[in-house]
Amino acid sequence: MKNKFFRSFSLPLIVIGMILIFSFNIWGQEVVVDEWRIPFLNCVTGPIASIGEYMSWSANRAAEEINAAGGVRGKPIKIEIIDTGVSKDKAMEEMAKVVDWALVVMGPVPEACIMAAVPIAVKAGLFCMISSTSYEYTVEYFPWTLSWYPPTEEKLPPITAAWAELHPDMKTVVQFVEYSIAWPPMAKAHAIGLESVGVKMLKDVDVPTDAVMFEPLVLKALAQNPDGIVLTCSPEKAAKIIIELEKKGWEDKSKILVFSSADDTALYTTGGKSLDGISIYNYINLYLDDPRWQAFREAYKKDHNGIEPASLSTNYYDSVYMIKEAIENTEITGDPSKLGEERIKIRDYCRNVKGFKGIQLTWDMTDGVPTGKGAFLFVLENGEKKFLAATK
Amino acid sequence: MSEVLYYFLGFTAIYILMGWALYLPYRVGQLHFLIVACMAVTAYFGGFAAREWGWPFILLLLVGISIGAIIAFVFSQAIGKAPCFTVVIVGLTSVFIVKTVIENWELLGGTIGFFHIPTVKYLLPIIYILLLIVGFLIYKIDHSRLGRAASVVFVDREVAVSLGIDIKKLGMFFQIIACAIAGMAGILDAFFVNSVSPEFFTFSMISYLMCILFVGGYTTMWGVILSAFILQGIPLLFPSEVASWRQVIYGALLVIIILIRPEGLISRKMLWGLKPKFSFNNK
Amino acid sequence: MKKKNNILKIEHLSVTYGPIKAVKKVNLEVSQGEYVSLIGANGAGKTSLLKAILGIEKAEEGNILFLGEDISRKATDKIVSLGLCLIPEGHIIFSSMTVLENLQLGAYHNPSGFEENLQRVFTYFPILKKRSSQIAGTLSGGEQQMLSMGRALMSKPKLILVDEPSLGLAPKTVTEIFDILGELNREGYSILLAEQNAKKALESSHRCYVMKTGEVAITGFSSELIDDPQIRQAYLGGS
Amino acid sequence: MEIFIAQLISGIALGSIYVLLVTGFNLMLLVAKIIQFAYPQIVVISMYTCWGVLQLTDNKFLVILAGITVSIILSILSEPIFRKITSTQGVDINASFIASMGMAMIIMDVMSHSINYGFPVAFPPEWIGGNLLSFGLITVSKGQLYALMGGIIAVLIFFYLLYRTNQGRFFRAIAENRYAACLVGIPIIKTSIFSYFIVGVLGGITAILFSMLIGSASPWLGEFVALKMLAVSIVAGLGNLKGGLFCGLILGILEAMAMGYISGSWSNAIAFVVMLVIVLIKPQGLFGSRI
């Protein structure tokens, strides 16, 4: 009896003990000033772990380069990758951990985590360098974030218009839209661009998130006799739709346009040879004649089985450099007692950075929104992207 | 108080509420995932009403509880005494239907989500006071005639009928209370997180709640409290290399617990220091 | 009591369900060709004893020797394959299968003699032949009991355990069932019958064990026991 | 009309996969008295195995063999766990649902962590095969034909096994009345293990046909399919094999038609609304539950 009595109380005691240990763990953390610790709330597990992987990769690469060149103000930079998965509570708890000491935080990456965790950073006055998502998500938390892209309705119409202009015989277009995160607004922007050059948009085909078969969707699209196709859905689904289109006798693949978020490794691993000839737009120019970029590209391919860098892969590379420049140019000390004002210094620097040399382009930011950032249009030939056009 | 502790305690409390909401209908052998749908509905409603119409928090709490109860009441007319897996499928489908509706509703932010829900002062103490009230309520239900009737229904429905227990009414009662709690948890969640997104209410949330209920123990209300603390704490305590495998850890915990302690960490046997009053053999 | 060839010998057998001791240190013997009955009130432990013999309930202590072999730790299917079978109470059959399929399942451990056995079962129970392609669930209660018996006979058992064959049946059918049991015994089958209807059981069997709260209270020849005033008082309605 | 026929073909092909899944799931439910929620995950692992072996060799026979073997092994490995659960808790199928949900979580996370960096795996075109027939938009691909034929043949063999052989009679006997089956001397455990074996074979075949039909596999594929499998089984009536056949096929067709004809992004919800309504009206399923 006594034994059982004890056992029934031992479990709650373990819990209390656990909480104590865990809180000491937090209180015990001290800010070390002999290196620049930059937390990166990333998603390296769960359904989009593959995207998180290359984001971590590029952030670490930037840090290695900087450290090899002597660090920032004489101290090395250290990216601390913190996994949040796609869970909102994990993201919030991790963000709550870093608001005590971080100068600036990179991420969070998945949209659900941004929505949940950024308010905590805003409350604490900590700047979040989110460079992996659309304007719609980050603008909500201005000025404590910046947008890596111009507003969707400004940046996307020119690129779809440019694509349409390459195919003057294309009069009607069907768009496949997956209802997920910021993709419906992007689909709307695609349509605006196409309509601006006189292309008629047929009825959208909606792609269910849990679809396993794509033939019915493709049939629905082809029943409208379109001249062109725009794919605004996840990379795997885009690839499968292209394969189905091929089976149904679609000939001119250059009249299939894949949007930037689908330009990811999963597109190529799923689509294989069927992708040959399709058009893709994204924000990195693979053929940029710049030694720094080519070195990045080679290293990326070496670590990823020869796959070309994905559209989002350079974002956090530039982010790390932007933070480095902010620390150097605003003479940040990293002294914990000046944390609050130095956070604001970084924020104000990054949100209005002028002439910052990114790996792909020179950045000019105005109040957290980049100006003059263009997109690139490619056509895929024998597995290689061929540059077609660029927009400003 | 440390910020992390604040969020840890807050989420744990919300998950305890949701765990209890899952626990109550399971008293009569029903896995009622409709609670997640209710949580999504009230989180959106609460967020919208607070931001756009400026409704006060206390009013929203009451409205959230009523919304949950009303949804449950409508559904329970049909599934009051339905077998376990019918209730499972009703819950799962309603979660997906609610998500689809939200994703297509521009006013609620569509697929992007809904931002800037106002904050409330002293939210954490309020959550814990509510937790105590709900806990007391469930304790009272458990130790009432209804609780004992539910135990009979769980073991053998035919015996329960022969004892004159109205299974449908009992099932409806537990479902309505559960969804009312879930409705309250939805409001608390919206104010605690300050934003809502369709991505918050997924199948992985359902599996997490299942873990909380069955790892902790489904025969008493106390198991949920223990396992919510443990499961919410695991990813925070362990180094990130281990924590990134948390889904595997949860899954393994679930299998191991079902194997070696089918009644969960805290069972009635343990609390009473006695043999269980009934066995779980459905002959 | 003459020493005959023991086909079944139970020594100090106990069976418990949780805190309840259903069978307490029971000793019991069945000889080759013998018809033994086991009587006692509801809850006296008769069914538990039969289930323990067949290995469905695990014996807590004691030995069960069948043809000299200890079967108390064996699995049910092994015990059945040795030639023991139980005709359970409440005519338990496979109600969604046909009568023939039910009988085929009975021949699990004796597939070679299937045709021969089938004909024999049909001679005992002609009704089953008539209904052989009918779904078993549509049979009447008595027919289901016969099917249950026929199924047991399909395995060509050496000892048949029968549990409450009269339960819930019309008196006419009960008489019919007991006639068949007697006939089976005359053909050489050993039978251990558990029955609440003490009169019927005593009339038909050679020897009898009376069970009371898990223990064997009285044992003796049926013909003697049937006249025993004590038995008459307790089990035969006092007349 | 042309579109309608084409939609019907793709719906039937998908439906035959659901039929295979539901049949295996129902057999587990009937014979072993468990809800094997992780069954689709085992199918997906088996698809991954086929993909892995395809990287090493072109021998299709070896690939098929590997896929089926892995499925059998995983299925039989889960047997001791489920046996422990059913023996300690009587026949409580809820416990098996929870445990298999745990297994599904583990399998899914291992796949998204470790295999192919979490990217979906794609089968080469030689494996999938092109169109066999095409009239305008009406096409029949090799994968679709195989899925349909394989589905029909596998289900026919399975039903023959179940209704015309001794072994099948034992399965049904256990499913119908465990106690009586025990009494007639059917070795319950051995027969149960054999049923896990059969379900493993069925899972392997499903994996191969599925990989030919959709041409790729991803870690979360199992979850999508598992929910639909569970739904079909419940709508038809848990454990009702024939009902499962019908409802599986209907769900495939319904899904294709909803995706093809219903406008807006509501098509996803339509199948769920139909299921919800059926389940609310007939909680025991359309054809009645068999457990």
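Observations
So that you can tell them apart, the chains are marked A, B, C and D in the order they are listed, and the count of residues begins at 1 in each.
Please note the rule applied: contacts are C-beta pairs under 8 Å (C-beta built on N, C-alpha and C of every residue); 3 or more make two chains touch, one makes a residue touch a chain.
These figures come from a predicted structure and were not determined experimentally.
Remark: the per-chain Cα centre closest to the mean position of all protein Cα atoms belongs to D.
Among the other chains, C has the CA centre that is most remote from the centre of subunit D.
Once the centre of each chain is set as its mean CA position, subunit B and subunit D turn out to be 30 Å apart. Averaging Cα coordinates per chain places subunit A and subunit B 33 Å apart. Separating the centre of subunit C from that of subunit D, both taken as means of CA atoms, is a distance of 44 Å. Look at where the CA atoms of subunit A average out and do the same for subunit C: the two points lie 75 Å apart. Looking at subunit D, residues 109, 113, 227, 264-266, 268 sit in touch with two or more other chains.
Shared interface positions of subunit A, defined as residues touching 2 or more other chains, are 45-46, 179.
Shown for subunit C are the residues that touch two or more other chains, of which there are none. Residues of subunit A that touch subunit B in their complex: 1, 4-5, 7-8, 11-12, 15, 18-19, 21-23, 25-27, 44-46, 81-83, 85-90, 92-93, 96-97, 99-100, 110-112, 115-116, 119-120, 124, 136-137, 140, 179-185.
Residue ranges of subunit C in contact with subunit D, taken from their complex: 54, 56, 75-77, 79-81, 85-86, 88, 92-97, 101, 104-106, 108-109, 111, 151-152, 155.
Contact residues of subunit D toward subunit B in the complex are 35, 81, 84-85, 88-95, 97-99, 101-106, 108-110, 113, 223, 227, 230-231, 234-235, 238, 264-266, 268-269, 272-273, 275-276, 279-281, 283-285, 289. Across the complex, subunit D is touched by residues 29, 31, 75, 78-79, 82-86, 88-90, 92-94, 96-97, 100-101, 103-104, 203, 207, 210-211, 214, 244-245, 247-248, 250-255, 258-259, 262, 279-283 of subunit B.
In the complex of the two chains, the subunit B residues touching subunit A come out as 2-8, 11, 103-104, 110-113, 115-116, 193-197, 199-200, 204, 226, 229-230, 232-233, 235-237, 240, 243-247, 265-266, 270-271, 273.
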